[in-house]
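Got some structures for you, see below.
Heads up, the next two complexes both have chain A, just with different partners, chain B and then chain C.
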Partner chain A sequence: MMVKIIVDNQEIEAEEGTTVLKACLDNGIYVPNLCFLESMTNPPASCRMCLVEIEGEKGPIPSCTIEVREGMVIRTETAPVRRLQRSALRLLLSVHEVDCAACPANKKCELQRLSKFLKVGLKPKGFELLLKEAKRDDEHPFLDYHPNRCIVCGKCVHVCQTTHGRPFLTFAKRGFNTTISTFGEKDATKIPCPTCMACVEICPVAALTVKTDPQ
Partner chain B sequence: MNPTDKDKIDLAYQRLREKAQKHAESAQRPDIAKIYIGMATCGLASGALETRHAFEETLAERNIEAVIRPVGCIGHCYAEPLVIIDRPEFPPILYHQVTPGKARMLVKSFLENGDPLFEHVLGAMEENDLIPWVMDFPRFNQEKKIVTALCGKIDPEEIYDYINENGYSALAASLYMDPNELITIIETSGLRGRGGAGFLTGKKWGLARSVEGSEKFVICNADEGDPGAYMDRTILESNPHQLLEGMAICSYAVGANKGIIYVRAEYPLAVKTVKRAIEQATDLGLLGKSILGSSYDLEISIFEGSGAFVCGEETALIQSIEGKRGMPQNRPPYPVQKGLLGRPTVINNVKTLSAVPSILEHGPEWYKEIGTVKSPGTAIFSVVGDVIHAGLVEIPMGVSLRTLIFDICGGIPNKKQFKAVQIGGPSGGCLPSDFLDTPIDFDSLTEAGAMMGSGGMVVMDEDTCMVDVARYFLDFTQKESCGKCTFCRIGTRHLLNILERMTKGEGNPEDLDVLEELSQDVKMGSLCGLGKTAPNPILTSLRYFRDEYEAHVKEKRCPACVCRKLTAYYIDLDKCARGCDACVGSCPVEAIFTTKDRKKGIDQSLCVKCGECMAACPPEYAAVRKVSPPEKAPIIERPEKSENDGQDHSG
Partner chain C sequence: MDHEFSADEETLKDIASELTRFEIKRSNVIPILQMIQERHAYLAPEAIRMVAEHLGMAACEVYGVATFYNQFRFQPPGKHQIKVCLGTACHVKGGDIILENFERKLGISEGQTTPDREFSIDRVACVGCCALAPVAIVDETVYGKVAPSKVEGLILGFEIEKEKEERRKQRDESN
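Here is the complex of A and B:
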């Protein structure tokens, strides 16, 4: 069944059960987002980018976790929404090594896209830059991981899990130090990576890259 | 309900009462003394075990017959080990700080010779002509004990003790009531969740009941991760059956057949006590299959969490039980809709569930009469910090902060001034003295910028630096952030870094705006309650103590002289006593030297600002001073190495 919702004064239709975020994107209304994938049954809602205001709800809420309801009135560009999105982006950039020329994601990077959309410079003032010491984790036989690029969106963990039925990638450590880990697996015969690389493809910021000369 | 069911349940409960009565009679010998020793964690930490041994030994030595009963905590943690002696011909008397030596004395003087040793008495537990009744003291008579009424009075390891106090009668009566009627009673009582947010308990139960599905769960949240908070632990250790009864009533009302108590593994005594209580209740048919002969089954088990603060958050707690990383999930869906294993789940705090039996026993109207209109019932706080009588307090909602801190807890020690009170755990707010008349209830505290939280309260005196306090709490929440969402993961780290810079004198005025704006963003944007509340200590201290922040960033001055980098110690030569050496040996870095006229000075280049000399200086001189900024310390030249130095050290 289709339901009608109003987004920024524009009426759109969406299948019952879809998230507000998907409904917007499908209808050409861009809502910033970093951690959402359509195949997720239970989106993590962790990047806090896809905020919108919905009539009757308090304050901006992430649109990736709300299902459309008939007659819902949604605003995607209010001042509180933009303020939080800019703040979130500036926080992500404060732990990001901005070296676009040397980055394989250059020109297709989600952070570059957001920075343009939200009008936030890639090297914003205000927060000090907090980079991790290790620039690269090259433990894995086929992949390199770049902690200072990673935005901890979790898309890689999700696609790995859905492709292989079990994840070969996982979140490791806690809090500020949260990273993606490959379980320390070094035995090349035990991992399906060479023929897959789904994680590298999905990563929006090239934090996972293919090793150029696998051992 | 089927009337025969009612008869069956009543009969089963009646039998239990009779057994309990018999048990009490055989245990109770009116002719001999009974010694009740507080043996919860607070008592044990103060040496209750040694006290118990001393009693046992001396009783044996002197050949005196008496019964020793371990009990839980009555909340006066400042006075542990606490002992109540109930001796024939005397009212039961409460003694404080009963060391093994005092225990021996009490056996000899009181039990043997009838001299109650008045100097060690805290008060009598009953009204009498001989000894002042504890209820005449503000600490006792301003408290209102509902949830903790039996804590410290019954043996937590003995289910019959609880049954003799009418225990499990509310469960028995519930089992032949319509579950919806039960939920209405709890709703009418106005009971609000004591785990933090103050959500209406009856409403939560009603929501869980109304969700379709045959399998439902009830979880008791006993994670209690707030540093310094120990209300839940005390209840688990002192009266576990009241909680089990509350949980059983809740489970019956929502239609759950499985209950889980989520306790942190750092509470070994609580885990042990509750385990034993579950066994006893199961043995007596109060849990398990066909409870009290009814058709209702309930199994309660314990899950030991490994003590991450964030695992107290309900969705993270569920993940943790499911064996996953303890990461909060976005709500909705709420646990009442989709909780443990995707099933409708009620999560309530220990204090919430423990209040349930008394509400059913006395009726919702009785409960509503206690406290305030919007926050009925009592508040349980662990009051710590700069107060004379720290400990566990249960008061009716609506009592003012002033009454709680100054009357009930005895005020600020060492004739110091009150500065602020931090309420609601690590992410509560800091309120200044202007707010002392704020009534303690969910809404007033939230309005003031603090929160009820799960009941931690830290009182701070004039020697506290509010910037440093904010830094301290942010350090905690930042470390406990699970790392899932952007605002909390990165934002709290920046907040902490800015505060650290300020306390080191490296902050600048613009930092104040960044601090304030980022705090608001983290509060608005974070995924779960941890991030949403972590900035509270900053936002409230900025609001109420902004001048202190300004002093730190503009003048590099710490008004309370706490931040080390911004403070210097010096010796006031007008006060320093010639030839006194008290401070010299206390200094760990040998920064103290002797001046030409045999007074003392501090070498600022060596001083590590530990404050040892200040503590060592005899109070009649009180010559060591602190100043901020450090440049204000008068310069006292260190004399060239002279023969004087050696002499004074040896003297």
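Here is the complex of A and C:
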């Protein structure tokens, strides 16, 4: 069944059960988002980018966790929403190595896109830059992982798990130290990576890259 | 990645036999890891793989769970265990500088072990002798009012000791 909702004074229709975020995106209304994938049954809502205001709700809420309801009135560009999105982006950039010229994601990077959209410089002031010591984890036979690019969105873990029924990579450690780890199977003949690379494709910031000189 | 510390065969045999005591369910992952750490002082990469196999999980999942908790270590305690106090008094008296001194001197970070397994460094909270701050405990000995020069001297002492022992061994062998 289709339901009608109003987004930024514009009436749109969406299938019952879809998230507000997807409804907006499908109708050409861009809402910043970093950690959402349609195939997720339980979106982690960890990036706090997709905030919107919904009439009747107290403050901004992540639109990736809310399903559309008939008659919902939604605003995507209020001042409180933008303020929170900008802070979230600044925090992400404070642990991100901004070296676009040398980055394979240059020009298709989600952070660049958001920085333009939210008008936040890529090297914002105000937060101390906290980079990890190791620039690259090259343990994996086919992949390289760049911790200072990773925004810990979890998309790679999700696609790996859904493609193979088990993950070959995962979150490790916690807090600021959280990274993606490929611990475990290092036997090149036993991992599906060479013909898959779903994680490399889904990564919005080129934190996972194909090893150019596989061992 | 950090240096990997493999487990010896005996350890793996022991883990294999202990594992059979645990029912195959995911909720057992932490009790199993605790058991291994209690018996063998750290979680070797092979041990983590065995746990994954036993529980039908992916090895990286077990690793992910283990690294989330501070209680697990992935490197064996060194022959000489260095514990630097970062309790309130020691912190005020520059305990972090002492920690950094040990780290730089040995080329490892807190929570790690040198590849030759000679030294490991850990940070601890107040050890109860704040008047002596900053405090470091090396093996069983408490050192108070530690200064960078003392760090230097301590490590040098151990190195000389080791060198002597090796020479003694060589001599015994050639005799």
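Everything below uses one rule, namely that the second predicted complex is superposed on the first by the 214 of 215 C-alpha atoms of A that agree within 3 Å, B and C clash if a C-alpha of one lies under 4 Å from a C-alpha of the other, contacts with A are read in each partner's own complex, and residues count from 1 in each chain.
The definition used in the following text is that contacts are C-beta pairs under 8 Å (C-beta built on N, C-alpha and C of every residue); 3 or more make two chains touch, one makes a residue touch a chain.
This is a predicted model, so every value here is computed, not measured.
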Which chain, chain B or chain C, ends up touching more residues of chain A in the combined arrangement?
B
Quick check for you: in the superposed arrangement, does A:126 touch first (chain B), second (chain C), both or neither?
first
Using the touch definition from the top, say if A:149 reaches chain B (first), chain C (second), both or neither.
neither
With the two structures laid over each other on chain A, which partner does A:45 touch: chain B (first), chain C (second), both, or neither?
first
Examine A:158 and indicate which partner it touches, taking first as chain B and second as chain C; both and neither are also allowed.
neither
Per the contact definition in the header, classify A:88: touching chain B only (first), chain C only (second), both, or neither.
first
Pick one for A:80: touches chain B only (first), chain C only (second), both, or neither.
first
Using the superposition on chain A described above, determine whether A:174 touches chain B (first), chain C (second), both, or neither.
both
Please work out whether A:22 is in contact with chain B alone, chain C alone, both, or neither, and reply first, second, both or neither.
neither
So the chain A residues that chain B and chain C both touch are 171, 173-174
In the complex, chain A touches chain B at residues 42-49, 51, 59-60, 62, 65, 80, 83-84, 87-88, 91-92, 94-95, 126-128, 130, 151-152, 171, 173-178
Under the touch definition given earlier, write down the residues of chain A that touch chain C in their complex.
134, 137, 139, 166-174, 181-185
Chain B to chain A touching residues, read off their complex
325, 329-330, 332, 478-487, 489-494, 497, 514, 517-518, 521, 524-527
Chain C residues touching chain A - in the complex, by the definition given at the top
1, 45, 48-49, 52, 58-61, 63-64, 67-68
